[in-house]
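What follows is a pair of complexes built around chain A, which joins chain B in one and chain C in the other.
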Partner chain A sequence: MNTLIDVKDLVLDYPKGPRFGPMSFSIAEKEAFGLVGESGAGKSTVALALMNVLKFKGGRKLKGKIERHCSAKEIAYVPQDPAAALDPLFTVGSQIRELGCSEVAILEALEKVKLPLTGMSLKSYPHELSGGMLQRLLIAMALVRRPKLLIADEPTSSLDVIHQAEIMKLFHAVRAEGISVLFITHHLPLAMDLCSRMAVLYEGKIVETGIPREIYEAPRHEFTRRLLEAVPVLEVA
Partner chain B sequence: MSSDSVFQLKQVFKAYPSKGGKKFHAVDGVDLELKWGVAYALVGESGSGKTTFGRLLSGMIPPTEGEIFFEGKKMRDWMRRDRRKFCKKVQVIFQNPYLSLDPKWNIREILEEGTLGAWGRGRKRKIEVILERVCLPKDCLPKKPHALSGGERQRVAIARALLMEPEFLILDEPTSQLDVSTQADIMNLLRDLRPTLTGGLLFITHDIALASQLAEVFIVMRHGKIVEKGLKKEILFSAQAPYTQQLVSASPAWPPVF
Partner chain C sequence: MKRGFLFGVAILFLGGLTLATAFADRVAPYDPNLENRAQALHPPTPLHFWDEKGEFHKRPFVYATQMGYEANMLRTYSQVLKKKCFLRRGRHAPLGVQAPGKLYILGTDSRGRDIFSRILYGARTSLSIGILGAFVSVAFGFLVGALAGYFGGWIDHLLMRVAEFFIMMPALYLLLALRGALPPTLDSFQVYLLIVLILSAIGWGGVARVIRGMVLSLRERDFVLAARVLGRRTPEILFRHILPHTYGYLAVIVSISIPGYIFGESFLSVLGLGIQEPAISWGNLLTESLSYSVVRFHPWVLFPGLFIFLTAFCLNIIGDALKASQSPEDKLKENV
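Our next item is the complex of A and B:
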């Protein structure tokens, strides 16, 4: 399988802040890769570095190498909080059209995410849609440019379980279509459900990489064990 | 009226104004009785009216129609002293610890507000005991909420509620803003507290697994209506309503199936 993104010894240095890395991992074509860690572990920073939008000034440094075997335009991004990612003053329709795609492609993408938005409803404003619908919309907006890699940064953490299940179904479909997914989350069950390989991030370092089954059955790092224990289990008795 | 009920709801409606002068019923005709000493879970998707229900019970908002009785007394007819009595018995812990603590007060001031009738050394001692119980270090007292992490803030909110020595706790999604390991810590804390809550609790959540760790009786809510109410086992294994089944199966499988 061809490698899409290859990260080698990536180090992010902040003059007065945390230091991330060194970390190395690669994402292959058509695979779902999970990046799991607590808040503050540096998950989102890695995503930003991959998209090449981190600014380096005031002593911030990036060392190591990120090899992209696709253009930056072929990387799409689904953020954590869909409501904050859209402009509240513009209709959702105008924000989709801003992406510069044909109407056909837009409708196709909307259909893919099972969002019944046509004509009138494209004229609605972001606040008129529910959180689940907004997240679908953002996934559609990410898919409309036919990306090779979809970076999803905690896409379900602001949703309830039912909508979470629906969104996860979408990600499975995206993966089945042959689009790579970088799935960033703090929720192990989701990553293990979707991903073929995953890395565990702790205090800016990758402490474990492997396939979900190995990590579940034989976690090597103390932090992974703690994460596994923290997953809420159904208590029947 | 049976005396063993904490709350009794009779045809309770709560409507909010909506587009075009219409009304949106967040709580839509609920008949319910919550008994003393039982841990209840209120589960449902977002927008189902869970939080509004919690607010109605805590007396923060009145119902537009119907009556809520607390220990047999209509909440609508409350005098000021009834309200005070209620606050001593029932405390609420909110979803967002970033909003529920006053940013201009330090932790000591926030906690002192909950120590009604205690002064001087007694009050200091009381706060120290409660801090230990929620596993917070003493040196957080002079800090302001912004200097604490989300989990620590939620512990402060829990400590503030516990200082009143409540009998009944209303927990409105107390862990949904926290990450998983902090969530596990808070859940452990709540489970340790459960025996001290003689009156029971109402745990509002959308996560069935979390609810199962704390509650004995499940109330399933959708579109402001009670869909189903039953013991934990009944809801988890033999739910009648299709919506309940959907809710139970929506949580990702754990342990995972490979």
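Our next item is the complex of A and C:
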């Protein structure tokens, strides 16, 4: 299997404050890689660095190597908060067309996410759609450019469990199409459900890498154990 | 409901004024420069329906007047009761009266010129300076603010310190200093442009600061990040996803700041630093009222001031309405 992205000894330095890394991982073609960690562990920062849109302000420095074996156009991004990721001033339709893809490709992508946005609803504004619809829309917008890698940053954290399950189904479908997924989440079970390999991030460092089953059965790090313990088990009184 | 009513009245007033101003040569009853020395400082002419015998006339009329002097050598105008002059279509204007009567709607100034006609012609200068000044300064402030906000760093630092310098300076002194620094012998069109420039130079700082703040927060929004992920270039992102969010504010600030520029022009002109005779502006119409004795006995020379006030008031109402239409609550209501 070819490697799509190879991260070696990535370190992010802040002049005052935490230091992320060094972390190394790689994502292969047609693989779903999970990055699990608590808030502030540096998950989103890693995603931004991978897409080369990390801002260097206040003396923030990036060291190490990120090797991309695909072009920047072949990386798509699904953000955490779908409502914030769309410009509230423009209709959904005009923002899809801004991607510069053909109408056919757009309709096809919308079909894939089971979001039948016909002429009328393409004229609606982002605030007129529900969170679940928006997240589907953003996944469609990510897919429409036929990416090789889809980076999803907490794509379900603003959704209720029903919508979350639907969105997870979509990610399984994306994977089945042979698109690599970098799935960033704080919710361990979601990553275990989707990913073929995963890494656990704790205080800016990767503390554990492996296939989900191994990690589930024999967690090596204390933090992973705590994450596993925190997963609720349904007990009916 | 109430806001809507006021808004309608404001739009009507400003629309009417703008139309009357644009077609001043067809609306004004008299040539604004026509001097009728025998009727200097003539009070507004009253319209009558009943004559001295108590008889009703369907068509209103005015009495011809005759000038005299009272004990303190002040001019008085007495109506010559026998001379009824009925209202009729004027030769050029929709309103006129039969000779020898005169229809001075808002009276005359010290050289016997019709104040109403002069207000209409003066509005051409004053309104256009107001609008032009507001547009130039808002456009400049917008440009500076957008650059400072988007690029940040030393560009932001430099531009904002310059803006603060202009905000910090007391506007009045800056206005006088700028005017003083520029040559006094200019023709009226040059003076006109100069005033626009000076007024804009004073006004752009505040706009720049607000726009900078808006851009600063907008550029951190997720949809801007999304555009960057898509590989959009800086100007594209700036014009398509950041600046459109500031247009609502711009519309409000333009309508609210126009009165400031009209005041600025009036202020300079009253002091003799702005528009000079024979050109007419609301400001130099008010030079008449600098003398207390004139205002005391001939208060109608203050009418240009009333027009400045009404225009400013209406623009503020419109600005408020625009601002309200920007607020999220109203947008939500629209969408329900």
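Keep in mind that, in the parts below, the second predicted complex is superposed on the first by the 234 of 237 C-alpha atoms of A that agree within 3 Å, B and C clash if a C-alpha of one lies under 4 Å from a C-alpha of the other, contacts with A are read in each partner's own complex, and residues count from 1 in each chain.
Everything below uses one rule, namely that a residue touches a chain if its C-beta (ideal position, glycine included) is under 8 Å from a C-beta of that chain, and two chains touch if they have at least 3 such contacts.
Computed from a predicted structure; not experimentally measured.
In the superposed pair of complexes, A:53 makes contact with chain C only, with no contact to chain B. Look at A:123: by the touch rule set out above, it reaches neither chain B nor chain C. Considering which of chain B and chain C touches more of chain A, the answer is B. Judged by the touch definition given at the top, the superposed model places A:231 against chain B, while chain C stays out of reach.
In the overlay built on the shared chain, the residue A:87 is in contact with chain C alone; chain B does not reach it. In the superposition on chain A, no contact is made by A:114 with either chain B or chain C. In the superposition on chain A, A:99 makes contact with chain C only, not with chain B. By the document's definition of touching, of the two partners only chain C reaches A:77; chain B does not.
Note for the complex: chain A touches chain C at residues 48, 51, 53, 57, 72-73, 75-77, 79-81, 84-87, 89-90, 98-99, 125, 127-128.
On the chain B side of its complex with chain A, the touching residues are 45-47, 150, 179-181, 183-184, 187, 206-210, 212-213, 232-233, 236-237, 246-247, 249-256, 258.
Contacts from chain C toward chain A in the complex involve residues 152, 221-223, 225-226, 228-231, 240-241, 244-245, 335.
Interface residues of chain A facing chain B in the complex, by the touch rule stated above, are 38-39, 130-131, 159-165, 168, 186-190, 192-193, 212-213, 216, 226-227, 229-236.
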